[in-house]
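Two complexes, one shared chain (subunit A), two partners (subunit B, subunit C).
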Partner chain A sequence: MQVGDTVRNGVCEIEVTIKNAAGLHMRPAMQFVDIANQFQSAVSVSNGQTIADGKSIMQMSMLAATCGMKLKITADGPDSSEVVEKLRELVEVKKFGEPTPEEAKGQF
Partner chain B sequence: MEIKKGVAVSPGISIGKCLVIDAEDYRIPRRAIHLTQRLTETQRVRNAFKDATEELEKLRSEQKELKVRDIFAVHLSFLKDRSLRKKITDMVQDEAVTAEYAVSKTLRDIASHFAREKDIYIRERAADIYDIERRVLKYLVGGMRQDIRELTEEVVIVARELSPTQTASFNKDYVKGLATGAGGRTSHTAIVARSLGIPAVVALEDITESVTAGDTVIIDGNRGIVIISPDDATIQQYLEYAVEFAEMEHRLDAIKEKPAETRDGVKVSLYGNIEFPDEAELVLKRGGEGIGLYRTEFLFLNRDTEPTEQEHYEAYARTVGFFKSKQVTIRTVDLGADKYTQSRRYIREPNPFLGLRSIRYCLQNLTMFKTQLHAILRASVLGQVKVMFPLITNLQELMQAKMIFGDVMEDLDDEGIRYNKNIEVGIMIETPAAALTASMLARDVKFFSIGTNDLTQYTLAVDRGNELVSTLYSSVDPAVLRLIRTVIQDAYKARVDVTVCGEMASEPEQVMLLLGLGIRKLSIASPMIPEIKQIVRSVTIEECNSVARKVLSMNSERQISSFLRDSARKILPEAF
Partner chain C sequence: MKFADFICFESIVADLQSKDRDGVITELVAALDKAGKLGKGNADKLTRSVIKRENEASTGMGKGIAVPHVKHKAVKDVVAAIGQSSKGVDFAALDKQPVYTVILLVSPADNPDRHLQAMEKIFRHLQQEKFRKFLRQSQTVTQIEDLLKEADVNPSL
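Here is the complex of A and B:
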């Protein structure tokens, strides 16, 4: 857990930033919901305007999150802190296994 | 109550609850359902998702390309998305609409959401969503559709257009009538309806948008009318019509055992046209003397792969088995200019009807052609089988086809398989080229069969399905009649048999003319056999000759049509 993350009554909430160049397109959205679906907690993701069910690829992909956009992930349930941590790792550390804008430039 | 006027293509009257079928590649109209059907429709959504998921999982496991596997994985993820399915089933529940509409609307809304985004990566997702839509819809409206195959009560079918795949999957005991928005007299729907002996009306335009599944619908295949949700008085009136019509049918049935002979004792042979083996029995029931045209394309239609030799053989053996010593004329595959061949081409032909179709297609796909000929020869020992090549345009084509037939016979000799070495070979005359060179072609065949539909289309250069020019299409146009006369005269001179197997032979008004031109063999849709026999039995050849003489002296199609109508009306008033 980092400073700024909140935990109360099994609810865990964090903010992440999309770092990969292509943003939350189909395949990343799938990776996201695949992880969320491995946990019991309900997961919701907000881009400030819309709230999506973190377990639904339809809703997640419709968030249309692009590189640099901040998302708030909220998990509610017995394993909420684990799922939130896994999702943060996916978005910010593994970056969905995709290049950042700088890395992407280097490829061309 | 709403009355729609279309084109009557198969006679009879039927009243029943309707089943509506949408077209996969066409915009699905919003269609309301009765509240009691919501559960069934919800279940159809679930089943379609389940079937699509299974198909995709199989495709994914067979796919070696990693990128494609990834795409399939994403699509699978959508198919398994509960919240997506819920959105669709909620729509069925809340708005009482069909499963196909809810699926299509929901997914298209999502796709257009993506299409509006600025980011290019996101915009491209729309294509994925359309792909998912198509995959799910395939299970809801395609030929695989469960509820057509598993009907448990009598229905009439309303569709925009019926594909051969769809009609081939009908449970024929329960389908009592057909009504389509598209189509013409020679459309697939028309041919199937006539062969099954059920009423059909086509060219009803937006009919699928005017009905709700489960509505009561009257299909009047005599007058070309469809009535949606008729009131009680109309139903009553139609029940009476139906009885009258059945009585007339019954009278015609009574002549089944009587010979097709003119009043002055000239014998005419009436054969049936069939497409599916199970229609064979109907031909016998209606008094047909055999099969004059056995279309074999159905073997290719319900599937993605070519039929095996054994599959060909089993179909032919079944049909020939019904007829034993009576003739069964098998036409080799008349593919091309259809979905089966066109979808297999990298580049679609710009003008498929003048393209690689029929015998031309066979001569370029020799393995397929030989497979069929092998099966026909094998079936030839079971009865009186003849073989007929379609769409011949010149002697070289005929010689080439015959040479290949000879090669296949040698193959059977080598394999030690028995076949009828004297099997008769004939050709269809359906192009002006073949008609004009009939005297040359006659030396190398045992029989001609005049296919009047294609002959008319090619002679007059008119696509009958194109409503802008369809009024120009007429088999009694002076140009077409002159070609037919030439073929008959040349056939007589060369002593080869000549049959008419096109629509013309089943037009009551045109039968006298054909007899007068010298035709003694007609091959027609089985439900028409009693009516045509009745006409034959009511005329003398002398009368027919005089009709033909008069017609050949006339110079306009309109004059000929009305003269033929008047002549026929005098002989068989109740049919007109």
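Here is the complex of A and C:
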């Protein structure tokens, strides 16, 4: 899928996959919320069942986003494509600075 | 996941005696230990790990709630204790407000998904004002236990 697909004017939506073994626990969720809060756009994150405010740590903790889970990130505002790209990078490229299941093997 | 699946009802502390963060953590670890949930001789080490984690970043998420947590091989599945403080405790929370409800969560070292599912359950209810209010109004272990069981059958609570 094309990164930062713009659905309509000001709205940007992408799907990301959680790649770190521990999933979206509190520390990664904090990193996510910190980035989202640096932008003006409203950010929401859906796991298909629950939609969370991407700027609220409590709501993000309700996603129970385990490794391998897909999340839809939607941003609405003047900097929507920038925030979505930063968040995609955090989740899929930096992987919250944590190991993947393969990398985590032997740690437990 | 239901509260009944991971909250140890024997480890509910309706009126925490400690007035500071580390004391509360020690009290809740002791409550889990007393209920036999932590295996033998792990309590002190566990308390130190929880405090170390808390020093890295506060788990005081705002709205009077803190969820200190740690992974440890002493447990095979997620287990949690709940403590309430009527006076409030300084947890260096994100909103800088005192904490009245503390849920101490111990997760197995090798099952991150269970940890996330327990957190989901905790925050699904605790972010609701109604649930927080009922919890704050509960003054006995039985009242807290009843509220948690009610939440397990009533998702909107």
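Convention: the second predicted complex is superposed on the first by the 100 of 108 C-alpha atoms of A that agree within 3 Å, B and C clash if a C-alpha of one lies under 4 Å from a C-alpha of the other, contacts with A are read in each partner's own complex, and residues count from 1 in each chain.
Quick note on the criterion: contacts are C-beta pairs under 8 Å (C-beta built on N, C-alpha and C of every residue); 3 or more make two chains touch, one makes a residue touch a chain.
In this text, all values refer to a predicted model and were calculated from it rather than measured experimentally.
**Q** Based on the superposed arrangement around subunit A, label subunit B with subunit C as either clash or fit.
**A** With subunit A aligned, subunit B runs into subunit C, so clash.
**Q** In the superposed arrangement, which partner chain does A:Met58 touch: subunit B (first), subunit C (second), both, or neither?
**A** both
**Q** Going by the contact rule set out at the top, does A:Met26 touch subunit B (first), subunit C (second), both, or neither?
**A** A:Met26: touches subunit B and subunit C.
**Q** Based on the superposed arrangement, let me know which partner A:Lys70 touches: subunit B (first), subunit C (second), both, or neither?
**A** neither
**Q** Have a look at where A:Lys105 lands relative to subunit B and subunit C in the superposition and call it first, second, both or neither.
**A** It touches nothing on subunit B or subunit C.
**Q** So the two structures are superposed on chain A. Out of 39-47, 93-101 or 147-155, which stretch of subunit C collides with subunit B?
**A** Clashes occur only in 93-101.
**Q** State which residues of subunit A lie in both footprints, the one left by subunit B and the one left by subunit C.
**A** Correct list for subunit A: 22-23, 25-27, 30, 57-59, 61-62, 64, 66.
**Q** Spell out the part of subunit A that touches subunit B in their complex, as residue ranges.
**A** Going by the criterion above, the answer is residues 22-23, 25-27, 29-30, 33-34, 53, 55-59, 61-62, 64, 66.
**Q** Any idea which subunit B residues touch subunit A in the complex?
**A** Within the complex, subunit B contacts subunit A at residues 70-71, 73-74, 77-78, 81-84, 87, 110, 113-114, 117, 119, 121-122, 124-125, 128.
**Q** Mind listing the subunit C positions that touch subunit A in their complex?
**A** 57, 59, 61-63, 67, 69, 94, 109-110, 112-113, 115-117, 119-120, 122-124, 126-127
**Q** Would you pull the subunit A residues touching subunit C in the complex into a rising list?
**A** Residues 21-27, 30, 57-59, 61-67, 108 of subunit A touch subunit C in their complex.
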